[in-house]
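Written out below as structure tokens is the structure these notes cover.
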Amino acid sequence: MSLMQPPDGPRTMIDLPVMPAASCEGVVVANVPVSSGLLQLVVEFDSPVTFQPGQFAMLNLAGDSALVFSRPFSIYEAKDRRMSFLYRVVGRGTRALNALEPGAALVFLGPLGRPFPQPDPDQPVVLIAGGVGLPPLAAWLDRQAGRHAGEIDAFFGARDGGDVPWDLLGDRWNISLDSLKDLPAGRQGWQGLVTDLVASRQDLGNRKDRMVLACGPTPLLKAASRLASARGWTCWLSLEEHMGCGYGVCKGCVVPVHDASGGPGHVRNATCCTEGPVFNAADLAWQD
Amino acid sequence: MSLPGWWTIDPTEPFTLGPRQFPGRIWTASGCFAYGLTGHEMKAEGFSSPYQGVGAVVTKTVTPQARPGNPMPRLVETNEGALNSIGLENVGFEEFLAKTLPALEEMGVPTVVSLAATRPEEFGDMVSRLHQAAVGFVHWHGVEINLSCPNVAEGGHDFGRDPDTVAACVRAAREYLPDRALLAKLTPNVTDISGLATAAAAAGVDAVSAINTVVGLEVDLKSGRPVLPRRFGGYSGPAIRPIALAKVDEIITRAKVPVVGVGGIGNDRDALKFFALGAVAVQVGTAQMRDPFTAARIAKDLAGV
Amino acid sequence: MSLPGWWTIDPTEPFTLGPRQFPGRIWTASGCFAYGLTGHEMKAEGFSSPYQGVGAVVTKTVTPQARPGNPMPRLVETNEGALNSIGLENVGFEEFLAKTLPALEEMGVPTVVSLAATRPEEFGDMVSRLHQAAVGFVHWHGVEINLSCPNVAEGGHDFGRDPDTVAACVRAAREYLPDRALLAKLTPNVTDISGLATAAAAAGVDAVSAINTVVGLEVDLKSGRPVLPRRFGGYSGPAIRPIALAKVDEIITRAKVPVVGVGGIGNDRDALKFFALGAVAVQVGTAQMRDPFTAARIAKDLAGV
Amino acid sequence: MSLMQPPDGPRTMIDLPVMPAASCEGVVVANVPVSSGLLQLVVEFDSPVTFQPGQFAMLNLAGDSALVFSRPFSIYEAKDRRMSFLYRVVGRGTRALNALEPGAALVFLGPLGRPFPQPDPDQPVVLIAGGVGLPPLAAWLDRQAGRHAGEIDAFFGARDGGDVPWDLLGDRWNISLDSLKDLPAGRQGWQGLVTDLVASRQDLGNRKDRMVLACGPTPLLKAASRLASARGWTCWLSLEEHMGCGYGVCKGCVVPVHDASGGPGHVRNATCCTEGPVFNAADLAWQD
């Protein structure tokens, strides 16, 4: 079964990660804000690095100050020996990351997890990103822009104008904002939920073969999933689960998925870090 | 680190434990490296694989029936430690026997199978079936019976706290395991761990593994409720190392039973502390989750004699 | 920190524990603030003294005879924790009675006297003499009997691990202490701490203090030997907080006895976790050593309701 | 009993610390090497600070990265709102201290402990410092130089020329070195143990009322003590014991001292942080 088609059973039962992960140290070369809420961390390695959009890495501090668990971050960019991440400071780990100065060593394990699927050559795609859900979809868009024959509509929801990394985004993204505060001159934003913005776009309703790729907070993912299923679109979601290892050994990151192979209505625990983080929305057994 | 003068062992050389020779003394601990089939294809400079130099992988604990495990969240990080409440999620003994064990043999992973059950007879059954299924397997070195998992409501907890039960389980397993190493993994959540070790030794183990996780709890400040749905979790990582060292020392000096040391080991220095007290081998748990090469790195660093 | 919604108490207001009203719920723990006579003259911005807002000082444990304590080194720092092997060095009950207690009363320090002994009768004797000597004292609020110090070879260790002994000691002390609070400080180094709490409650304590230190060991890499001359030490500090929280929860939910929470508390957030589980008060140990104002700071921060 | 006379009982039984200690935060204003082995840490406070030479402070990192135990350091200098320390990186705590950049917050408790005693107005004094034992004696010399009427002979022992903070020391110190390596042009050093250098100075043998003040590694203190007792000099030693609290509450820092009040030959534990760190050598019950 190819990643291009929506799976008939859970996709979670098929293949292994796309490429071997490496455990290594990198060196911070930049760690700077790109918006009021997001920072960009650029790490340099000894040898060239690569990834597939949707994959993530586990990052940690080096040496004695290592956190017990590394933290998962979507990979945003990789070029030659450098890889970059976009992150938001939320707790202890991201605070520690934030304190790293250029030159600091960083422990890296990646790339990990399954990337977004490849759409059919001219399949139209809708990207829906919210907050720190941006990096994997921005990475996807960077790869596909100019290559993918189908339409691509990209939507990004943020808190306000200051929360949007305008310089990184270019002009391909439709922006929705909780508040129009801090909108820079010459920039546009739609006020409301990003999924409502997508729903309001009548022109997107015209085709059933559209593929939605979404990443962001759970309410966004649920709304994207509902919208997609109402329109008959396939929908792939990148989930954020708490992770202990990121490479499938601890079972600390499970997500309940439908599993027809276990009988009708059977639900099993999928391992978010290796069977995901990208899941077909239809497979997910949301508990709400 | 420069190795201390008293350290004279190469932990990547074979050593004998009971009826069996193990390829090395640095192992991975149960539950922190899955079944030992993950990560073969992973890369790190200076290593052919995360298994390089590793003496054994202790598998995730396998129970007679498959288990879905506990609800999420299952992990909490604390100061220098972690609480887990995985709930022994595992594929179950049948699938382990049919698929996992042969795969381990095929990939050449030195294996210790971790087993848990709620009655001594079940240990006997599983071990005997394992033994039949693994005839001719050269990489399967032993069984670690997990008498200590504090996360399973009906099983491990109170179970492994009683020396008589420990003895009964060991005896049941030993009967069918004449030619592989038999280990009992002990809980630290008891008044007298050396009493458990003495019971296990009398019933025939070749060594005890100490320690499993310490019962712990973390509170979510916002809600004022425990973070883990089951309230308690198993505490592991650097924070429990002094407790593990104390328990290991207690067992070695009082019960005089060979010990495989576990608890808070993340680097060569940590491992050396257990060896200093007389441990015959060590296991890497939580630190293996951060980096699949942790055990391999320790083995390499300590082999530099 | 902004205080969570569920927090509605002012821990610097008086509260009742058994027959006694305490001036507050943030206390200092035994052994980490000497006898409560040190630091009166210390300064910190926003505080009149390290005692401001502090509900009680639990004194260093006093034994019938003065004790010189253990050989040096007595302290080891580990990852987020510390091991101590002070060995109950103290001035002895006679000097305490003659000099320390009157000084505490004179300085107005809200006091809980920590006592240890090797036989139940000794507890009775000490408490009755204390009671006689302190007639009219208004700042002496209670006694905490230390049934748990893991550093004293002949005493506390195995002693406090048996519910019957716990009950006997409590009963002996309670007889002479009708009008002050009686607490028993429990060891975490047992299979069933709630059983000890139940026994203590049945014998008449007003609350139990939990936990004392966890048995731990640290190895000196250079020599390959334990750092502490007595091998084992008592593990304390942030690293034991999850263990303390688990034990406190166990006692509250199973034995339903009031608990004064101790273990790894260093700030308002840490203290709140114990209160969230239902602790009636908390004690600050190791963190008080770093800063004599720790308990006062916590009291102030948590009073901001 | 005054601190000026050698005590007849253990001095350890008398008075309280010289001034109230404060618990507060300071801000690092400098943290720079002053020799190959020593760094100078300058901390600024909100209000003026003061101390008596021989006193120390407990230092720690601020916030979440605080060490479980603060670390004791002799106070080297205090002027207005600034205080400075000289330290050597030996382990986890001093490594962490070393990593502090100007602007970093630091937790301070001090001044603590009993200072060196005041000599009689024209009593001759010998200072013997070794390695990181320098700061309290350098502080003493700074205070007394030009004021104290008696002779002052100052001796400092270091590993080699590079290990000596020449610029801080001025020219009042006689320098002994384990090795004459890295001796700067125009500087002099005597090769050997600092106590041997003192012993070799015939001119010092002339008076019995000399007072020795010493601080450094234990072998140095023992040698100084032996030398003093052989010559009939009084001798005060500043000890380094492992400390948990620094202010007398934990009993983690005890030093055995002779205590005649307990009967002949009686030895008791003195609390190094509050009864010391400066002890009369005659009181110490060395265990060798």
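Note that the chains take the letters A, B, C and D in the order they are written out, and that residue 1 is the start of every chain.
In this text, contacts are C-beta pairs under 8 Å (C-beta built on N, C-alpha and C of every residue); 3 or more make two chains touch, one makes a residue touch a chain.
Just so you know, these numbers come straight off a predicted model, no measurement behind them.
Steps from chain B to chain D, taking the shortest chain of touch contacts, total 2. Listed here as common contacts of chain A and chain D: no chain. Centre-to-centre spacing of chain C and chain D amounts to 35 Å, using the average Cα coordinate of each chain. We define each chain's centre as the mean of its Cα atoms; on that basis chain A and chain C are separated by 49 Å.
The residues of chain A that reach two or more other chains are 92, listed in rising order. Within chain C, the positions touching two or more other chains are listed as 78, 80-81, 238. Against chain B, in their complex, chain A makes its touches with residues 16, 20-24, 46, 58, 60, 66-70, 92, 107, 109, 241-245, 247-254, 268-269, 274.
Touching chain A in their complex are the following residues of chain B: 31-34, 38-39, 41-45, 50, 60, 68-69, 72-75, 77-78, 80-82, 84, 86, 89, 237-238, 266, 286, 288-293. If you check the complex, the residues on chain B that touch chain C are 4, 6-7, 78-81, 83, 161, 189-191, 214-219, 221-226, 231-233, 235, 238-243, 245-246, 249, 264, 269, 272-273, 276-277.
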